[in-house]
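Chain nomenclature is as follows: A, B, C and D, assigned in order of appearance, with residue numbering initiated at 1 for each chain independently.
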Amino acid sequence: MIYFRSDYSQGAHPKVLEALMKTNLEHTDGYGLDMHCEHAGQMIRDLIGIPDCGVHMMTGGTPCNVTVIAASLRPYESVVAAKSGHAYSHETGAVEATGHRIVAMDSVNGKLAPELIDLAWEEYEDEHTPLPRMVYISQPTEIGSVYSKAEMTALAEKCRARDMLLYVDGARLGSALTCEGNDLSIKELAALCDAFYIGGTKNGALFGEALVIKNKQMNDHFRHMMKRQCSLLAKGRLIGVQFEVLLDGGMDSIYFSMAAHANRLAAILRDGLAAMQISFYSDSQTNQVFPVLPVNVVRSLEKEFFFYEWAPEKNGSIPIRLVTAWGSKESDVSAFLNRVRELQKKA
Amino acid sequence: MIYFRSDYSQGAHPKVLEALMKTNLEHTDGYGLDMHCEHAGQMIRDLIGIPDCGVHMMTGGTPCNVTVIAASLRPYESVVAAKSGHAYSHETGAVEATGHRIVAMDSVNGKLAPELIDLAWEEYEDEHTPLPRMVYISQPTEIGSVYSKAEMTALAEKCRARDMLLYVDGARLGSALTCEGNDLSIKELAALCDAFYIGGTKNGALFGEALVIKNKQMNDHFRHMMKRQCSLLAKGRLIGVQFEVLLDGGMDSIYFSMAAHANRLAAILRDGLAAMQISFYSDSQTNQVFPVLPVNVVRSLEKEFFFYEWAPEKNGSIPIRLVTAWGSKESDVSAFLNRVRELQKKA
Amino acid sequence: MIYFRSDYSQGAHPKVLEALMKTNLEHTDGYGLDMHCEHAGQMIRDLIGIPDCGVHMMTGGTPCNVTVIAASLRPYESVVAAKSGHAYSHETGAVEATGHRIVAMDSVNGKLAPELIDLAWEEYEDEHTPLPRMVYISQPTEIGSVYSKAEMTALAEKCRARDMLLYVDGARLGSALTCEGNDLSIKELAALCDAFYIGGTKNGALFGEALVIKNKQMNDHFRHMMKRQCSLLAKGRLIGVQFEVLLDGGMDSIYFSMAAHANRLAAILRDGLAAMQISFYSDSQTNQVFPVLPVNVVRSLEKEFFFYEWAPEKNGSIPIRLVTAWGSKESDVSAFLNRVRELQKKA
Amino acid sequence: MIYFRSDYSQGAHPKVLEALMKTNLEHTDGYGLDMHCEHAGQMIRDLIGIPDCGVHMMTGGTPCNVTVIAASLRPYESVVAAKSGHAYSHETGAVEATGHRIVAMDSVNGKLAPELIDLAWEEYEDEHTPLPRMVYISQPTEIGSVYSKAEMTALAEKCRARDMLLYVDGARLGSALTCEGNDLSIKELAALCDAFYIGGTKNGALFGEALVIKNKQMNDHFRHMMKRQCSLLAKGRLIGVQFEVLLDGGMDSIYFSMAAHANRLAAILRDGLAAMQISFYSDSQTNQVFPVLPVNVVRSLEKEFFFYEWAPEKNGSIPIRLVTAWGSKESDVSAFLNRVRELQKKA
């Protein structure tokens, strides 16, 4: 079986495990108040060039999204997001559980745009309607697309004009930063938004995300919010240790080389499938590929490859999702392309 | 100034005030545990032909919606509603404040339909998504349309098939039940849904709505929920007394004659405007009329009539909302139609 | 039957009903944005000598408490209150429903004191504990006692020292302000706290409380919070109209004369019972009296008088609660005292 | 420096890391739907002798407590706990964040007792008060004491009599089960309560707790609740893998031998200190020891040993907390006792 199931189906990059091994018997303070978390935080501040931002080691992406939103908004304020955004589409109402509406917008290619923010504001009138106060986006999006520098700048300007906070879900941030065509550096991203996170779970960590909060008000008493929202890990240092290894070397670290590797394999997949005249469900630039394949091809492929069907069958075809990761091999990709080629020939 | 602003811009029908006067010095138990509330509850049970349902005297429509939803759903469950539904469009996220998502659907003429419920379910996958468990509709809708018996039956059947609860916001229920073309009686409505309320605020009461809960599980400990959700009035009997008067005589009561009166005047407005080739923003059958008028006509009318602009200007025209109520007079309606006619001639 | 059951068992002072009658057919804007609410608000600003505070017409006491707390606190902050405080003891967890803990302190005579606030802070450590941020007290307390000027000043100073907000539940504020021994004027009270309300429901209104918010941050977007917390009444003017009548004349208004009347009758009850060597459950100074009576005396009295047993039997005696109100008569009080005297003689 | 700071200041037992290493490159389903979680769950069902209970792999203790409570209670229901219970004392109001009150009881030795549950019920009256519905206890308690079989049985019976759920926080369950004097087996514990968890974080895991839910209604849709409450880990298998190792061999597994080791060292500490006539802050039977030492002794000890001061100074003495863990050595304990002996002699 060859796996294109997800970028969190394996454990961690061996160097991550090695570091956990090496630091295992150290005694440290709990709850992220240790030298490893402090050091990792400092590495991140250096990487993004913002010396005084908050950096918090979080257990997962949903905890990041929920804790940031609950910490940032007053009770009557809402979040604007794409309907495909993870916080709306795959978190079981965890944001609403903290009392806030997500105004969910239909979007093109998974991206929010300034016009969609204006459209969301059409629902606002006065004290009878929730006040939109934060924009939630994912970079890359859940279907693999990437905001360009121009797009992100336009969003940030719209947010400033509307007095809204801009928060970026970076579950696969490495993949966005290293993909072909990306023109938005991590420093530029950090400069444009109020908060974002650098996802570890989907890029070589056992688990853990590094949440960066620039906005002072959002960061105020944030550790109280982490505890209240069940996202403060007792052995917080585990996340610090992982990010120390992942980001060692900055833009030359394994964090970015793993992401680049996954992107490279995805590009091969994409190019190979396109060459076979196969169309795609979304315009992904990163480590997810969404070919639309005939049902019988999908059924055959399922016997050798593990992947998800992404949407229901339509006109005899099914969009599937192929995810490459740090652990994927070039041979996996060749095997897949070869098999599709064979199946096409048979047909 | 002539008022078509809303159906809650005046106080109460004189008979309501009279009853409050007459019972004013009675000593009763607080919080709705008095003979008037009990009696009004019994009158309602008789009216709808369901002897064992819960009837609760509520202070307003938002308290009804929020308390019912919070009482009925488990934390991970969501409500499906039209985007124009009051609970989504005009309650400042009060439902989300109790931790539940409203899945808000674009709809035609303000109505939900079985297909839209199916569409909402497309967002559901598994434990990563909120579970749709209740359908919220308004009868009539916020833009005046009315579900027919066939439409309401289809919704109820879809709910049963999907294991969902059906809740009907009856802020203007009298208006739906007495409008021309209505073929759904209050007994039939009650039989089809799990809970609904008979709105008093918008039909001759000072304030107050009578909430009917047939579903035993939804009604369990409901008074605890009322107190928790701030919707238990100390002098609850005030609402009971009002409904005793309003519903005295059943279908021949002032509750229904007031609604019929408002509907009749709205029909005159509607017919008169249609005769002038004026088009409408929505297909209202009840006491709200939404003509689309040229900007300069609207500006002139505003000097003599009080009404709301319902949506922003588009192509030189503005949809306005005219509401008739128990206190509206036929002469108000004639005056309006005459003035429009004059303004049309001038142009 | 003679009633000492509660101060909300009757309707409203006749002048209140009269005013509702007189204004009944006026057309006004909804949701408290009308001339009556504005006028009543101005009357209150004049009365307390604070020209720029927020005044909001609320439907009840629980809505006041809950909306103020939810609007004022960040999610991880808590409220300190006496265990007997209404927000803890009789609101079904409505405060916790908004996500905030009430740190409930055992107290003497129903009052919080600076030492109890310090004691509550002993539960605070760091991000693992909720941060106490508001003090909730009732003036008078739920068992009738009244904070003196010195006591209230000490609480306010403690709050300032601890960076806490001071909120005063004034469900029976009239009773505190007019009771014998009170040395704290409404202006002084207003000057010492961040927010308080003037209770109407328990002093001659049909329903309604006037909430005063001095603190600018607490008042920010408060009307959004009212809608979100289900405490914005459609015909808000009903509350405005009532307070216009109740407070007409300021300290000489019927609001204060009704309260003084009830206090005077309660004092007669208290003195009469004390003269019979009867002891009291609490040291009430206002319109509630809590005599502790032998079980058989209670059983006899129950046949002619309506009152609540306040706590379970203990050593053959039961504390009962007698409440006088604007509608109580001196003859009611004499009848009660005579009956107790007779029952004592028999024994 | 010698560490008695906490039982989560080091990483994991070497065998745990080894297993994570060995399984690192396996591809599995995410979110706990993998063979390791399933296997660990089965091992636990076998260990407790309950074949059909739910077992969920959780990231930490607070997520267990909060998710269980939020999943089990209707909105108006409350939890009864000791004031020293972790869910009340050290979780920043995370339970209240889900809308439920914790009725916090002063207790002796950190334990709840049937009488305290009755006392909590004295706060309940009717719809004006939250309904106590769950009892939360910790085994062992936060200050090291252990419920005997008789005590736990009495609690369980009281819960049944009161129609309450019994939930046991087992953050240090291994320590309770292996301490001297314990007479309550894990099977008996499981039989008596509705849900409990087997804590990994404080006994040799990197992180993770195994939550056992016997009660079918509490377990219904529990995975939805996990996601909603931010406690569903993407690589859930990490927790499964750890529990497979920890519990391999059942009562003879390293889970129990680590706990027994820590208990044994704590007992040596306790006996040694008692022999020096030193008194204790609590009657701990497990791996926490709370000697009360003169301030100057504490100050001297702090130079060589790491521990927490547990409560403020009183009469010249300070209660400190010494925690032993799987990684503690007998020589650590001897060193501590010798140093105290020396300091006593000097005095």
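As a working rule, a contact is a pair of C-beta atoms (placed from the backbone, for glycine too) under 8 Å apart; a residue touches a chain by one contact, two chains touch by 3 or more.
Everything numeric here is computed off the predicted structure, so don't read it as measured data.
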item	value
Between the pairs A-C and A-D, the one where more C-beta pairs touch	A-D
Chain whose average C-alpha position is farthest from chain B's own	D
Length of the line joining the C-alpha centres of chain A and chain B, rounded to whole Å	43
Inter-centroid spacing, chain D versus chain A (mean Cα positions, whole Å)	34
Gap in Å, rounded to a whole number, between the CA centres of chain C and chain A	51
Touching two or more other chains - residues of chain D	75-76, 91-93, 97-99, 127-128, 130, 224, 227-228, 232
Chain C residues touching chain D - in the complex, by the definition given at the top	75-76, 78, 89-93, 96-102, 104, 123, 125, 127-130
In the complex, chain D residues that touch chain B	31, 70-71, 74-76, 98-99, 127-128, 130-131, 221, 223-228, 232
List of chain A residues in touch with chain D within their complex	1, 3, 5-6, 8-12, 14, 17, 20-21, 23-30, 59-63, 66-67, 91-94, 97-98, 201-202, 206-207, 224, 227-235, 238, 306, 327
